[in-house]
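Below you'll find a set of structures to go through.
Each of the next two complexes has chain A plus one more chain, namely chain B in the first and chain C in the second.
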Partner chain A sequence: MTRAIRAALVAVTATLLPAASPADTIKVGVVAPFSGPFAIYGKQYQEAVETYVAQHGTTAGEHEIEFIYKDVGGPNPDQSRALAQELLIRDQVDYLAGFTFTPNALAVGPLIEQSQTPTVIFNAATSSINKESEFYLRTSYTLWQVSAPLAEWAYDQGMRTVATTVTDYGPGIDAENAFKAAFEAKGGEVVDAIRMPLATTDFTPFIQRVRDAAPDAVFTFLPGGPPTFTYTKTYNENGLAEAGIKFLGTAETEEVNLQGLGDAAIGLTTAYHYSGAHDSDENRAFQAKLTELFPDAIANWASVGAYDGTHLIYQMVAAAGTDGPAAVEAAKTLEWESPRGPVKMDPETRTLIQNVYIREVARDEATGQLVNRETGVIATVGDLGWDK
Partner chain B sequence: MTLFLNILVDGVAYGMILFMISVGLSVTMGLMRVVNLAHGGFALLGGTFAHWFAAELGLPFWPALVLAVALTVALSLPLERVIYRRIYGFTDLQQVLATIGLTFLMIASVNLWQGSSLLPVPLLEGLKASVDLGFRTLPAHRLMVIAAGLAVVLGLWWLLERTRFGIRLRAAVDNRGTASAHGINTDRIFMAAFGLGAGLAALGGVLGAEILPIDAYYPLRYMVLFLIVVAVGGMGSIAGSFLAAIGLGLLETAARYLAPDFATILFFALVMALLALRPNGLIVRAQ
Partner chain C sequence: MMNRIAPFALLALAVALYFALPYNLAFLTRILIMAVLVLSLDLVLGFAGIATLGQAAFYGAGAYAAGLFAIHAWADPIAGLVVAGVAGAVLAFISGLIVLRAHGLTLIMLTIAVAAICHEIANKARDVTGGADGLRGIRMEPVLGLFEFDFVGQTGFWYALAVLAAVFTFLTLLTRAPFGLSLRGIHESPERMAAIGTSVYWRRVAAYTLGGAIAGVAGALSAQVTQLVSLESFSFTLSAEALIMLILGGTGRLYGAVLGTLVFMFVHHWAAANDPFNWLFVIGALVLAVVFFLPRGLVAVPTALKRLGGQNAGS
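So, the complex of A and B:
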């Protein structure tokens, strides 16, 4: 209560002073991996945040905004919690953001509940996180949100039998369940559900098994980087495309590693919420500013998650300053045009309601680069995994 | 029957890749007895140079491969002279710490130079093609790796068992003082052997890159694989490493075909059982 009064007083004082400098500085703590094998996430986040700041200035409403970055290294819940605590107590931050991995996001639940700190998840895609605290907001996506529409689309395209090959860990199993539930609800059949060990280096045995089963398509979920590289190569080299077994995926063709996949990636079909090649002024403006600031930067889903997360934080700060519960309330009704397309915050799940696009990898004639070419919107949905 | 043939073909192809990426380590750790955890680092350097030559400078695959291996060897020789020569005398644990430190340096350098995304090495068109085996197809580059693996194992056998260099190297490893007293220039022998190990690491890194793609964290990601092959094969035995790599490749491939959910557990359980029964590996070198 006193906090609200203080915030109100600050706001009133600020409006009374004409052309005054902002009344106070609100700090945002960003917890993400900035070193080690997952450092790319931290890099993408920071570039996107700084792009947003460069476009919109450092003030939101009557407040100055400052970002503090903390390196969590990798999937490490203890460290994530320790860093959040340090940010809240020593740095006195009023907002938290970042969180690439589900365990890292879950670890700060009790802290943000106690301190009433709005926490914007830039990536972690497990539906249940947002159930742990009212203060979680998510600007990425959930696995159900993209996998289920893909299954329905596949059925509508005439595919009746699908084999699923997912990496055997939390997100992979989520993706398998979502795809299977949606595909079978339509009347399709999942002929083989293979869970591939996380340490798999040679995917040939799984691909051959799929080939022998001869389904209409193979749905897959893999962690980005080396596994995706090897899987897509193996898919092509073993002639699955020629055998008429279509590739269906989600994040596999993300932009940072897309060029590395090479020609093997051409024709891969994925359903996802963001493509670097999305045709809109917002996306072009975002990418132009991004590459102006960071010439080597490539926008992918992690960048757009952070960019929209920053937008959300600016809106919350403008509306409620340091008042956590009021900020979350304000966020629940927001709608805006993101580089990914139109988005809207779902008041119940606090995850974005957004378009899911069907895309196909193609070589752009103008630049010679591989792109995820959007061929249509297959759904506009919120978190479909909330009630599962 | 088809399943059996599939396991055989894929197992041998995968085993040969395991052999190619770890043969450099069986030279440095097995023969020279230095716990060289930086082995993956040299493979990373080789792969990064190959990416640089082929993808950025536009050289064809073969010249890029040769230049990448040569450049890695050229870098490894001064490194041996300045750093490894001191490391040889360390205890095992000190060697582990020193070489893992070197690995981190290599990772950070590649990260700074090329970033942390994938660094693909473009293949020749001919190697991308699929070869028809009658009952199925196999990518040509896997056949190329099988051929390269056979060439390397024969070449090393000849070099170590049939040449003067091999005799001197084995003598220098077994008793450096006595070898030196017999007029063998052990410093030079060690430097050459180390360069050989680094060169093989680079070769394996580039040839295996279709399955184990190169990126800055390559050395840490696959370190366990290298170490398993050398440990199972038996220290210092190239033939042992070869048998171990093919055996492990067949084993893991069979597990992936038959029980994908348990493939990793089965693989490590069998490796542990084998090492419990034969702690020194498949082939133990006579002392």
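So, the complex of A and C:
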């Protein structure tokens, strides 16, 4: 009896006492959705972070690095701010990371400004976030960065008239504005700008309207998942491809949902900064490690944003430890070879300067899977939306 | 007796939590703000018996009103609360005139529709509200000109606690006043209240408007503490969560509303912190358990225990 009690006491004390750790552990708080309809983002981030850690170890320079994950649920700035506050005050983190939605990223602005905490955005793609604080750094992309080069490329391919169909919410409108500005600057004409409600399930009326307008191409921006699937299906069923109306998109054919689109997706043209089929050793090494750790994992833009974000944090920690302003300074000149291709931190916008690739969905002969086949680099640009 | 001790016990608990969890003030402040919202719902649903799933409409209206007022007019927190309260009340009055003509499921659908319309307006009016990016640039002046909002969140906590205590006191007085009693009467039997000469419709509109004002105040607190307002303040999820907290605590009792909020938010926080990936199961199990075993909410725990004890003694 007494032995049992003693054993229990030992067990309790062992769990209560902080685990013996090296004197210098730098903590990184990751705020992302891990539950609910957006949980896929959290999953992609976590897998990518752990892949990076497995490849490069838990030390950067002379410091141990530890990641703490917090679930924000979805677009919820109140929660995002409260979690960041808790991470900064109680867990004493020196870096923040994650942030899928723009409001969640914006909500921590006043906090990181006061506490001088470098904050690496893995996804949120609105240009103006980085203007709110010097301590924001972004390893994803911005909507202008991919939409504007696509418009210019389309013009250079001889397309003169385009209809835009975007989902009627913040990012959709940004994409429409970016595409329109770039396409009209070249001398092209946007014949119809259609905004579709977020809850649309039947795209036939919109597609029919595009068909009647008979432009050279249709530019679209949709949130990932089911809408993309239905949209591309409707695009095919209404014979737009046969009518010579080319499909121009960005993230619609992202890897996680790509197989679900089926053969209907073959031939869709998109401009984007990362393809799972990118031909480089870095990408192959990343994907090999990822699938070794998580057999079901599929790398997409969210994974690569988190992977490069982790790289950035390791570099900052190695260069400046816990000194926030020095870490941001050090990050501003970084260049590295990412799984997406060569990238460089733009010192002004603190968003990556990277290649935008033009891709076409094709079926890979070797694996039988659908892939985004890169057919060329159309631009190497930073955040084009910074001054807009 | 119980009624007199309970509010003070809750106040003491809030102060104790402040000292027990000095690093979680942001989280505690969110509980306080949610408690104000759930109290407003308790007035509307628990007392007046108006089934609503759209309380977020007034919360959001208050949040945007307080945010816009702080940015464009005056950044004083108390003035912001008043403006938000008025905004919530006006919206509740106008929408209440229409939706309260309906009953049952139709009423629920209409309240959801009001919140959805507000959400869409805020989404479309990007120039004013910031759309999906959220309304930013809210910088508050010190509370009463004395207490600056600090990084750790001490001012935010005491400020929210003071507002919660004020709302709680107001509602306690209200529910004991003739108006509150007439609401209870309407809840029990609208026909009989009409028969004794009460204008049931207008009493309900008045309760709905008051509930809107209090929800607006809750929204304002959130806008002032977070310094950002997003479209999510109009979301259906918020209305639904507030309802779950109220049912958890027990409808028709003010301390039930506070208790439900406290328990829900704590379990949520604790479960999400321990397992950020599967914590929703815990919340689901908790709600199921309460609905099955304590249909009248957590405030019914003493009564349930007493009954259980009585049965044991009898057998």
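As a working rule, the second predicted complex is superposed on the first by the 365 of 388 C-alpha atoms of A that agree within 3 Å, B and C clash if a C-alpha of one lies under 4 Å from a C-alpha of the other, contacts with A are read in each partner's own complex, and residues count from 1 in each chain.
Here is the rule we use: a residue touches a chain if its C-beta (ideal position, glycine included) is under 8 Å from a C-beta of that chain, and two chains touch if they have at least 3 such contacts.
Since this is a predicted model, take the numbers as computed values, not measurements.
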Combined model on chain A where chain B meets chain C, clash or fit:
fit
Pick one for A:N238: touches chain B only (first), chain C only (second), both, or neither.
first
Just checking: does A:P226 make contact with chain B only, chain C only, both, or neither of them? Give me first, second, both or neither.
first
Pick one for A:I173: touches chain B only (first), chain C only (second), both, or neither.
second
Which partner does A:P103 reach: the first (chain B), the second (chain C), both, or neither?
second
For A:Q208, decide between first (touching chain B), second (touching chain C), both and neither.
first
Could you look at A:Q85 and tell me whether it touches chain B, chain C, both or neither (first, second, both, neither)?
second
Based on the superposed arrangement, let me know which partner A:N257 touches: chain B (first), chain C (second), both, or neither?
first
Partner chain in contact with A:P37 - chain B first, chain C second, else both or neither
first
Smallest inter-chain Cα gap (chain B/chain C, superposed on A) in whole Å equals 6
Could you give the residue numbers on chain A that contact chain B in one complex and chain C in the other?
36, 39, 168
State the interface residues of chain A toward chain C in the complex, per the touch definition above.
34-36, 39, 42, 69-71, 74-79, 81-82, 85-86, 89-90, 102-103, 106-107, 109-111, 114-115, 126, 128, 132, 168-171, 173
Interface with chain A, chain B side, in the complex: residues 2, 6-7, 10, 13-14, 17, 111, 115-120, 122, 128, 130, 136-137, 139, 210-213, 215, 217, 220-222, 225, 252-253, 256-257, 260-261, 263-264
In the complex, chain A residues that touch chain B:
36-37, 39-40, 43, 168, 194-202, 204-206, 208-209, 212, 225-226, 229-230, 233, 237-239, 256-257, 260-262, 296
Which residues of chain C touch chain A in the complex?
23-27, 29-30, 123, 126, 131-134, 136, 151-153, 222, 225-232, 237, 272-273, 276-280
